[in-house]
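Structures for review follow.
Next, two complexes with subunit A in common: one pairs it with subunit B, the other with subunit C.
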Partner chain A sequence: MATATATRGSTARTPKPRPPKKRSFKPRTLVITAVAWLLAALFLAPYLEMVVTALRPKNELRDRTYLPQNFEWSNFIEVWKESELGQNLQVTLLVAGGATLLVLLVSLPAAYYTARMRFRGRKLFLLLVLVTQMFQPTALLVGLYREFHQLGMLNSVWTLIFTNAAFNLAFAVWILTAYISSIPPELEEAAMVDGASRFGAMVKVTLPLALPGVVTAVIFTFITSWNEFVMGLTLTTEPDKQPLTVGINNFIGAYTVEWNYLFAASVVAIVPVIVLFAFIERHVVSGLTAGSVK
Partner chain B sequence: MSLKAPPSPAESGRGRGGRAPRPRSRRSGIARLGPLPWIAPVILLILVVVIWPIFELVRTSFLNISIAGIVRGSAGTDKYKKLFEESDFGSVLVWTVIWTVVVVSVTMLLSLALAQLFNQRFPGRRITRWALIAPWAASVLMTAIGFKWMLNRTAGVLNTLMLDLGIIDNSRDWLGSSSTAWPWMMAVAVFVSLPFTTYTLLAGLQTIPSDVYEAARLDGSGPWQTYRHVTLPMLRPAFLVGVVINLINVFNSFPIIWAMTQGGPGYDTSTTMVFMYKLKETDIGESAAMSVVNFAMVVVLVLIFLKVSRWNEED
Partner chain C sequence: MSTEIRADERPPKEGESGSTGAQKPPGRLLFAAAVLLPPRFTPQRVRYDRRYRTLDKYRFIVGFLAIPLAFYGLFVISPFLQAIYYSFTDWSGGPVANFIGFDNYVKMWNDERFWDSTVTSVTLLVVAPVVTLVLGMFFAYMITAGGRHRKGQAVSGVAGSSLYKVVYFFPQVLSVAIIAVIWGRVFNTNSGLLNGSLDLVGIDGPAWLGGEYSWALIAMLTVLSWSFVGFYVVLFSAAMGSIPRDIYEAALLDGAGRSRTFFGVTLPLIWDTVRTGWIYMGIQALDSFAIVLVMMPKHVLKVTPVFLYERFQEGQYGYATSIGVVLLVLSVVFSLIIMRVGSRDRIEF
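Then we have the complex of A and B:
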């Protein structure tokens, strides 16, 4: 990210020299660095505590210590045998994967057309999409429950795929439209002069160039569906049909909470998404604010 | 900077003077159908999953429905009357306002500072920024459960830490009473809202051209003055968008409270969203009435967003 900093003299230098040539550790820089690293640690701390708890042996769960005396690595394996969470993880994988695929299938053509063509209702379409992004499922839960109850589709993986896809569509359409608009149509036209069909030109020319947008949409949808909780809680009632978030939440309701297992499962669910998120971090803001901030 | 719908093709693709790419004359079969084949799936999905539930919601709020889900005729406006006469309704409403306002204000203030900090050049900026996104990427529910565990009376690390630091004499059941549960839950809500907000403000900061700072410096403006008179005004669009999106998110927030206190004891730590969910167990009609009120609130916030984001402006 190229940045405009208020630091003195930074403007004189070339905009973004990756490794700063000389590092003069002025006191100011030192303080900033220390505070930033401290904050970074603070932001990670709750997750590190989850890792520590996940490694505690059962008999050390109630100990008032910062670290356990023995680290029980097998918790990460036992949890899937000792509980039904393995089943829940499977549901989550299906739902997140399915929703991501559906979002991509549905939003790519729409984004392409909206970016390339002027048509009546274009503004209205974009408005509809934008408004959906703002309506979160929580306020609509009772309606969603009633609808899928009447359709006899509670406890179905498909229901969770459809609902997760719908609430993530907006982000995908929005970010893909923005990306595709930034690619000059002349490139496609040139390919078409060379004999490619419009569809061929779209797939071979535009899509590769819009790849960062596609990747962002894919990862974002996957993570959001992976983390989704309220719809899973409302639209499924049978324990083996519930996504992992709901399964983990059920753990707390149990008479003795096996925190070590609970967090072993949580860590497995959290670490991959934090890593994935790092790839799209810089693109997400523009998608979430509908381009209000770039 | 502050933006608008993706530019429509006429303005963007072609240079000035270029014709709008009208659908070409040799139209294929699909082209004759216009936009429908392209955008219909999106519209269909939105209709089924977003619009239909809105309709169901309103309908349900006027119905008598048994716990088993059997419709027992119309209820008129009884469910709304029942809702408004709930003895806890008033306090739930008040707490919802407090919850939303406190969490959003604290988030915005802290994010301003964080954005300023992480906009500086220092060794490890990429790594530290990456650490910042953890609460954004991780499931909010799991983060909340993590805090519930850290506040555990017997073995919670936060209790241990505060005991060791001498902040408290005895370990406490922080989530057991509303007076201590609220501040902790608000802290968690701020914690998970900070990354997005900070990144939004960072993006805003980057739209400020560096020569503006240079000019301010030449005018002899000090750092604080520069911040107040240059940075803050130019950050306004990003700030406003951050405020409204956070208002929507925090008002809608459910997993934090659900995981940490389930809105209890009683309804003492419930917002209207949690209240709605708890009512669902006993009377779905009344729960729907609460949802309609919530939804109306969301619509107001969305309208404000549309105004603030100026999505409609094209260049």
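Then we have the complex of A and C:
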């Protein structure tokens, strides 16, 4: 990287004849780059450890080597067969998908309304959204448990869909409000002059323009619901009704930990997230910080 | 909602939209029906009535805001209010919940386990944001302004800055349960990555999670910073990116170096963002439930949410809710303090 920067710097477009400045490696730049790379490596090491451990054969789990001598790919097959991983994956998929759909259906109109209308209590609504973000899920745990217990909905997929949707609603409304506010309302007005209804103008004009924001909100909701742990832990008790994040912890016994299976399952749980993250990585900066900066 | 879209595209039916009715103002019943009907199916004499505008407005509110609010009320606000109510009872899962006043809070005050876990939580609340924000700001500054001075640019980021952003940010999209699992392995005394690496340079690593409280606390801080710093790198680099270049140029002309520029220009200009991030990070540190529950052995270190969870598992629901209320109060107090301490005149640019 240092050389790349240096060469790019030295080929700077300087048409005027000047005494050729000697471009040597500045030790400062070199140190900064080295530190940056080292830090990046430190940040990445845990993932490598995870993948490597997922592939370790049983008898090499206690070794202090960085890499095992043999790679045991069958860990993945065994963990799939031996545990409830399949069911857990199904639950997680349903929960994340359902919650995302619900959040989209509910938050989009709310965000549209908040962005477009100046109604009494608008500030209050946005404040409510922000303040409730501060609630710790553990603090709400007993109340939610009681509600779903009375409804007889413990261990149900719907329970997790509802709670995840409710928890992600605030963020989605917030981000979508910021996004829709940035789209000039004149566009809609023009469409309405041309005969579109208010709803038609929203669907056909504003929505396509707000699509990057919608995509960001959708994928973020999906990822957080996919990763949710606390509610899954408390609102489900049967191992085959638990989401993936909770199911994984069943490999941690009281006395022994089946590291290879634990990490094989973790890898399975992470892969979809990586794929989705790669998809929105571009939007993360603009989308996530929309409305929060300035 | 979907039927409305379809209705919009369909041509209006004669019978419904025709204004063949009498000229007298439409009755209440028709208005009640008009709430549910899409505009095209609404009889024109209703649509041309003055009251229809008000109705249209309120229909919008009901459809667009009431559902999210109801949802929110049911699953966020209501559990919250219930938590406050049940914290004053001795409810333990059965049908009876006796009102016992502040007994739960008194019990908590005298409960040593509560104080142990809360001291840890408050330590994390105070230290973790500082560590994470300083790291985040350093990385963000390196990314946006740490590069060499190129021609024509007062500031420029290090090469490959977007790659670093992704690397730092990635833990943010992982489940805390998985983060805890990964780090549990990294910190493992015998076969962990960390002690293995320390071994190579001849240091006998400590039992990070198995023994002393202080090592466990350091491990906690490491994991918290690792998993949250990326968000702040992204947040702060966005904030730094929105600072106009000419301010940097002016600082450069005045002979300010990198650190002088940072403390004199960058930090004051992004202070609002820093403060928001500070509050947010504090709340996250206070709620480090999953990491502690999964990663930490029970006897070494506990935080308040874990203490709450254990009471919940024992069926002491009333007591558990009172701990939850204390947690909420703690986070509100923390936010107010940071708001007060961190408030300074906003600089517009």
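Convention: the second predicted complex is superposed on the first by the 243 of 294 C-alpha atoms of A that agree within 3 Å, B and C clash if a C-alpha of one lies under 4 Å from a C-alpha of the other, contacts with A are read in each partner's own complex, and residues count from 1 in each chain.
The rule is short, and it goes like this: a residue touches a chain if its C-beta (ideal position, glycine included) is under 8 Å from a C-beta of that chain, and two chains touch if they have at least 3 such contacts.
Computed from a predicted structure; not experimentally measured.
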Partner chain in contact with A:Phe277 - subunit B first, subunit C second, else both or neither: both
Which of subunit B and subunit C A:Leu130 touches, first, second, both or neither: first
Subunit B versus subunit C as contact partner of A:Val203, first or second or both or neither: second
Contacts of A:Asn155 with subunit B and subunit C, given as first, second, both or neither: neither
First (subunit B), second (subunit C), both or neither touched by A:Trp174: first
Which superposed partner A:Gln90 touches (first subunit B, second subunit C, both, neither): neither
Contacts of A:Asn250 with subunit B and subunit C, given as first, second, both or neither: neither
Partner chain in contact with A:Pro184 - subunit B first, subunit C second, else both or neither: first
Which of subunit B and subunit C A:Arg118 touches, first, second, both or neither: first
Footprint overlap on subunit A, comparing subunit B with subunit C: 1, 4-5, 8, 29, 32-33, 36, 39-40, 43-44, 46-47, 49-50, 53, 61-66, 105-107, 109-110, 112-114, 117, 119, 125, 128, 132, 134-136, 138-147, 162-163, 165-167, 169, 173, 198, 223, 226-227, 229-230, 245, 248-249, 252, 259, 262-263, 266, 269-270, 273, 276-277, 281, 284-286, 288-289, 292-294
Interfacial residue positions of subunit C with respect to subunit A in the complex: 1, 4-5, 8, 38-40, 60-61, 63-65, 67-68, 71-72, 74-83, 86, 139, 142, 146-148, 150-151, 158-160, 163-171, 173-178, 181-186, 190-191, 193, 195-196, 199, 226, 231, 234-235, 237-239, 242, 273, 276, 283, 286-287, 289-290, 294, 305, 308-309, 312, 317, 320-321, 324-325, 327-328, 331-332, 335
Of all residues in subunit A, those that touch subunit B in their complex: 1-8, 10-11, 20, 23, 29, 32-33, 35-37, 39-41, 43-44, 46-47, 49-50, 53, 61-66, 102, 105-107, 109-110, 112-119, 121-123, 125-132, 134-136, 138-147, 149, 162-163, 165-167, 169, 173-174, 177-178, 181-182, 184-186, 198, 223, 226-227, 229-230, 245, 248-249, 252, 259, 262-263, 266, 269-270, 273-274, 276-278, 281, 284-286, 288-294
Residue numbers on subunit A that touch subunit C, as the complex places them: 1, 4-5, 8-9, 12-14, 26, 29, 32-33, 36, 39-40, 43-47, 49-50, 53, 61-66, 105-107, 109-110, 112-114, 117, 119, 125, 128, 132, 134-147, 162-163, 165-167, 169-170, 173, 197-200, 203, 223, 226-230, 234, 245-246, 248-249, 252, 257, 259, 262-263, 266, 269-270, 273, 276-277, 281, 284-286, 288-289, 292-294
